[in-house]
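Once you scroll down, you'll see the structures, which are given as structure tokens.
Common to both upcoming complexes is chain A, partnered first by chain B, then by chain C.
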Partner chain A sequence: MAEISLKNIEKRYGEKTRVVKDVSFDVHDKEFLVLVGPSGCGKSTTLRMIAGLEDITSGELYIDGKLVNDLPPKDRDIAMVFQNYALYPHMTVHDNMAFGLKLRSTPKSEINARVRQAAKILGLEDLLKRRPKALSGGQRQRVAVGRAIVRKPKVFLFDEPLSNLDAKLRVQMRTEISRLHNDLEATIVYVTHDQTEAMTMGDRIVILRDGNIEQIDTPLNVYNHPVNKFVAGFIGSPAMNFVEGKVVNQDGTYFVSSDGLFKLILKPNGFPHLNQFLDRKIILGVRPEDIHIGGEESNSGFTANIDVLEPMGNEIFVYFKMNDEQIVARLPSATDAEVGGSLNLIFDRGKLHFFDPESEEVIRE
Partner chain B sequence: MRRNKLLPYFLVSPYLIHFLVFVAFPVGFSLYLTFNTWNIISPMEFVGFGNFIRVSQDGLFFKAIFNTIKFLVVHIPLQIIVALFLAETLNQKIKFRPFFRGAFFLPVVVSGVVVSMLWQQLYGFDTGILNRLMSSVGLPKVGWLTNPDVAMYSIAIMATWKNVGLYVILFLVGLQTVPPQYYEAADLEGASHWQKFRHITLPMINPTIFMVLILSTIGGFSLFIEPYIMTGGGPLNSTLSAVLYIYKQAFTNYHMGYSATLGFFFAFIILMVVFIQKRFVERGDQ
Partner chain C sequence: MKNLALYLILVVGALAFIYPFYWMTMASLVPEGDISGLTLLPTTITFDSYLQMFEKIPIDRAFFNSIFVASSVTAGVLVFCSMVGYALAKLRFTGRNLIFYVIIFTMTLPFQITLIPNYILMVKFGWIDTYLALIIPYLINAFAIIMFRQAFLTIPQDLIDAARIDGCGELRIIFQILWPNIIPSLVTVGIITFMATWNEVLWPLIVIRDENLMTMPQLVTLFAVGGRAESQLGVKLASATLLALPIIVAYLFFQKYFIQSMASTGLKD
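On to the complex of A and B.
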């Protein structure tokens, strides 16, 4: 049983530098919550405040209903996995994992039992006598996780734990940490800048930018219903395409791109919420997988002149320009396309997003 | 063509000349001296192994070595502990940190003669500040430099004060190479300040400790200025260090050949000690 609650948390350095601004969210018991955002967004600082490694400038932090603002890290009953693992080079794997328990004067027999159990879960049994230097990146990562789980803490904190691993290992460790979360039924707060990690691992995602929370929701809701242009562009790979344009009324309501070359019929079927933007600027967002082959001019189809092709094997990324901005479409690999050629494409009208260019907020239906 | 052949030799000649005049020649010449007696004025006289036999029978030389060891036994641990303590303190976020870092380094760059003379005043039996302070709180006066049982330790304390700044800097460098995450991880595990120092700092700066140990051993063995200025080796030869004895044999008694022999003998002892230290520390490292 472990719940974390952040209420109006702020972190300031001096008077002017506000790294985390008025952040509030709850982490439920046994939840896997991911803090994600570009570098410098305050996600690591937030995590470190939860750990007690940074002072909280203002606001309240509760763990299990207890105010812990001024509680030292050791009394918060949390464990943290660091980006560079922070394994002690002069200790063996066993001693690294046992260190915290030793400090708490746990009986030796229990230390050994817990270390062995953790080693078994993580597949480290044969490596217990080795020093960190003699381990691979993935093994070190596992030891760092092992050091956290032997203590059986209320909360696990992960600070970009996979960013030092190569791509293949990262995918493998991603699933391992998810599996661990299920096995241990632990409350986890996980910081990453990688939206794929956020999407695949989190029960819920907190998206941060410049010390502010942009959106908190489940991965799929964040993906399908981003609240603003930033979230829409940040979550998803390749990123969402944005087309600036205007809503105009010429024998029906249309969205027309700024260069006037692309026209999308909005009425009669749908989009009544865009009426307020008639003759005003608006931003259209469409995900690469929501661009399909086919369609005719009458039906808002358009011709794309292909700039670049990126065959991925199972699919192909097709790059073309609209308003002089790069747009990418994610098409089946069998698509007959070549650089310099053209394709007839159409946006999936059911999956369009519209943003107010001033506030960059999504325009709700 | 010819010029090109000579040019490289010309370019390295400053080093070569320096090496030949100030290193190779003195070493070669003193090696030659060990088999001779020479008082600078009269011609040299070949004595074979006479000087070496004399060393083995020279009680005063072994007393000088014993005095030096007495000095080292106090000086080295004191130096390492004080330097480590100061470095650890100066590595924290304290006020006026740059000032203190500079202040502790100051004695290192001040001339040893000046420092020795200052401390001579501090240690003075009747007029020295130390004894006056002790008298004022009712303690008996101490013969800091006049009591044969105390004098060498007084010098060791002074030498520590003079040199500790250098080792503080070395330890600071060592401390700053320890990644802060190690301490943060330990904070989360519940380590106290002492536990962090014992289980993280000490093992992590082991190479620095070894370097400081070697440097202060070699520096300590070459103890000379302090006893030369402060006590002249007295009282009762109790502060006669090995190097001071070698100096006296050469330039007070003009026993050049014997002095050179003592020098080689002493260099051999230092080599052995450092060798043993190295083996010992390397074994501890594995």
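On to the complex of A and C.
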């Protein structure tokens, strides 16, 4: 059993700089929780407070029901994997993994057994006598993970562990860490700025901005039901498209883009929750994969003048302008499109998101 | 051609530095009468000057004293100054920069200014004519602190955090995790401290009067200029040669690290 509970956690440097603002959430036993957000959002600071590497200015932190605010890192029964691996350069791979156990006076036979087991899981058996300098980036990261798992801690903390690896290795390590989570049944808190990692690895995602929690939910719920424009734009790649416009009543209710060139019929098919925004500004959000080919103007289809094409092999990203803002559509690779040409496109009306331009909150049905 | 000129200058420079040492060593090995005529190679070799020196002064005891004092000071400086350097480089506390600037400021004070207050302190502590007077005042110095601070600044914070999570306290972090990664700095500070302590004359002259506690440079100075050498140049040179020997040997052993540390500008792979 290992549960973490953050209650109204704050981190301030001096009087004015609030890095983490009144953050509360729980990490359940055996859960893989991902903290994600742009640089400077406070995600690493939050993780370091859980680790005990940063003091908590106010609030309470519980691990397994025990208040640990003032407990030093070594007494919290946690292990951490760092972005730049943080291996001890003067020790061999074996000693790096064994060091934490030695300090805890674990019997030598058990240390060796645990190190060997971890090395086997991570494919490091042939490298145990090497120093970190003689390892590749991926191998170093594996050693760092090994150092964490030999300790059999209650909680694993990962601080952007994959961001120093190249793209291919990152994908590989991503699946390895997910597999480890399943095998070890460990409680993991994982910090990343990469929304792909967050989506693919997490049981739940916590999205942070400027020290505040924006949303906590499962990856799919965050993706399909973002609570505000920030979350909608942050999760998903390419990001969600936003079109500013107005809700107007002209023989039916329409969304009309600010430049007046795009018109989408809202009624009679639904969207009663938008009535309150009649003749007011509103932001429409649509994901690139929810833009399709076809559609007549009468049915809210529109003609897009193609600015840029990005063929990805299995699909093609088509960029065009709406309201002078760039919009991207994710279309099948067989789409007959060329730069400077045009395409008839339509938004999937069942998958539109609407945001209040003032609060940027989603407008709920 | 350019290289040839460069090497020529280097060779001339090297010879200019080596020759006085060479001459001193050779002159200590020839009979007293031959010294004035010595230029390069001696005609007869004798250890008379050394034997006479051993008869006249307790140089072996002074050698031990010097080794003991210089080693104690060096060990103390490595331990204490690395602790201060670590605190200044890696711990966050109010007044950290102020303390650092004060430490730098102490470097601008010449030794002569603090000489009298230090002496009075030694008298008050009752340390005159003890090893304590030779060792304790030298255990912390600004140069070593700055060297260690700079060395620790190049070490990533994550390494220290990882050690903390593994269960290290601050002292273990310094001596078990950081020390092995700053060996060139340790060697440099070690050699410089050892040399400076070894060569110190003025301070021992002031606080030590008991011949059995005198360091080599002190004894040799008193011997050479104090009249007991009876104007015999060979004996004086023999004592000077013996004085220089340990430092040269130490340098030869550690020169690799020494040059490495002096050449590195904080770059780390």
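Methods note: the second predicted complex is superposed on the first by the 365 of 365 C-alpha atoms of A that agree within 3 Å, B and C clash if a C-alpha of one lies under 4 Å from a C-alpha of the other, contacts with A are read in each partner's own complex, and residues count from 1 in each chain.
Convention: a residue touches a chain if its C-beta (ideal position, glycine included) is under 8 Å from a C-beta of that chain, and two chains touch if they have at least 3 such contacts.
Remember, predicted model here, so these are calculated numbers, not experimental data.
*Asks:* Based on the shared chain A superposition, would you classify chain B and chain C as clashing or fitting together?
*Replies:* Result for chain B and chain C: clash.
*Asks:* Considering only the touch criterion stated at the top, classify A:90 as touching first (chain B), second (chain C), both, or neither.
*Replies:* Both chain B and chain C are touched by A:90.
*Asks:* If we overlay the two complexes on their shared chain A, which of chain B and chain C does A:333 touch? Say first, second, both or neither.
*Replies:* neither
*Asks:* Based on the superposed arrangement, let me know which partner A:53 touches: chain B (first), chain C (second), both, or neither?
*Replies:* It touches chain B and chain C both.
*Asks:* Of the partners chain B and chain C, which touch A:82 in the superposed model: first, second, both, neither?
*Replies:* Touch status of A:82: both partners.
*Asks:* Of the two partner chains, chain B (first) and chain C (second), which one does A:103 touch, if any: first, second, both, or neither?
*Replies:* Both partners.
*Asks:* First (chain B), second (chain C), both or neither: which does A:73 touch?
*Replies:* Both partners, chain B and chain C.
*Asks:* Show which residues of chain A both chain B and chain C reach, each in its own complex.
*Replies:* In the superposed arrangement, which is not itself an observed complex, chain A uses residues 51-53, 72-74, 78-80, 82, 84, 86, 88-90, 99-100, 103-104, 147 for both chain B and chain C.
*Asks:* Which chain C residues qualify as touching chain A in the complex?
*Replies:* Interface residues on chain C, with respect to chain A: 156, 158-159, 161-168, 172, 177, 180-181, 269.
*Asks:* Which bits of chain A are touching chain C when the two form their complex?
*Replies:* These residues of chain A touch chain C: 48, 51-53, 72-74, 78-80, 82-90, 99-100, 103-104, 133, 147.
*Asks:* Of all residues in chain A, which touch chain B in the complex?
*Replies:* 51-53, 72-75, 78-80, 82, 84, 86, 88-90, 99-100, 103-104, 147, 151
*Asks:* Could you pull out which chain B residues touch chain A in their complex?
*Replies:* Against chain A, chain B makes touches at 179, 181-182, 184-191, 195, 199-200, 203-204, 206.
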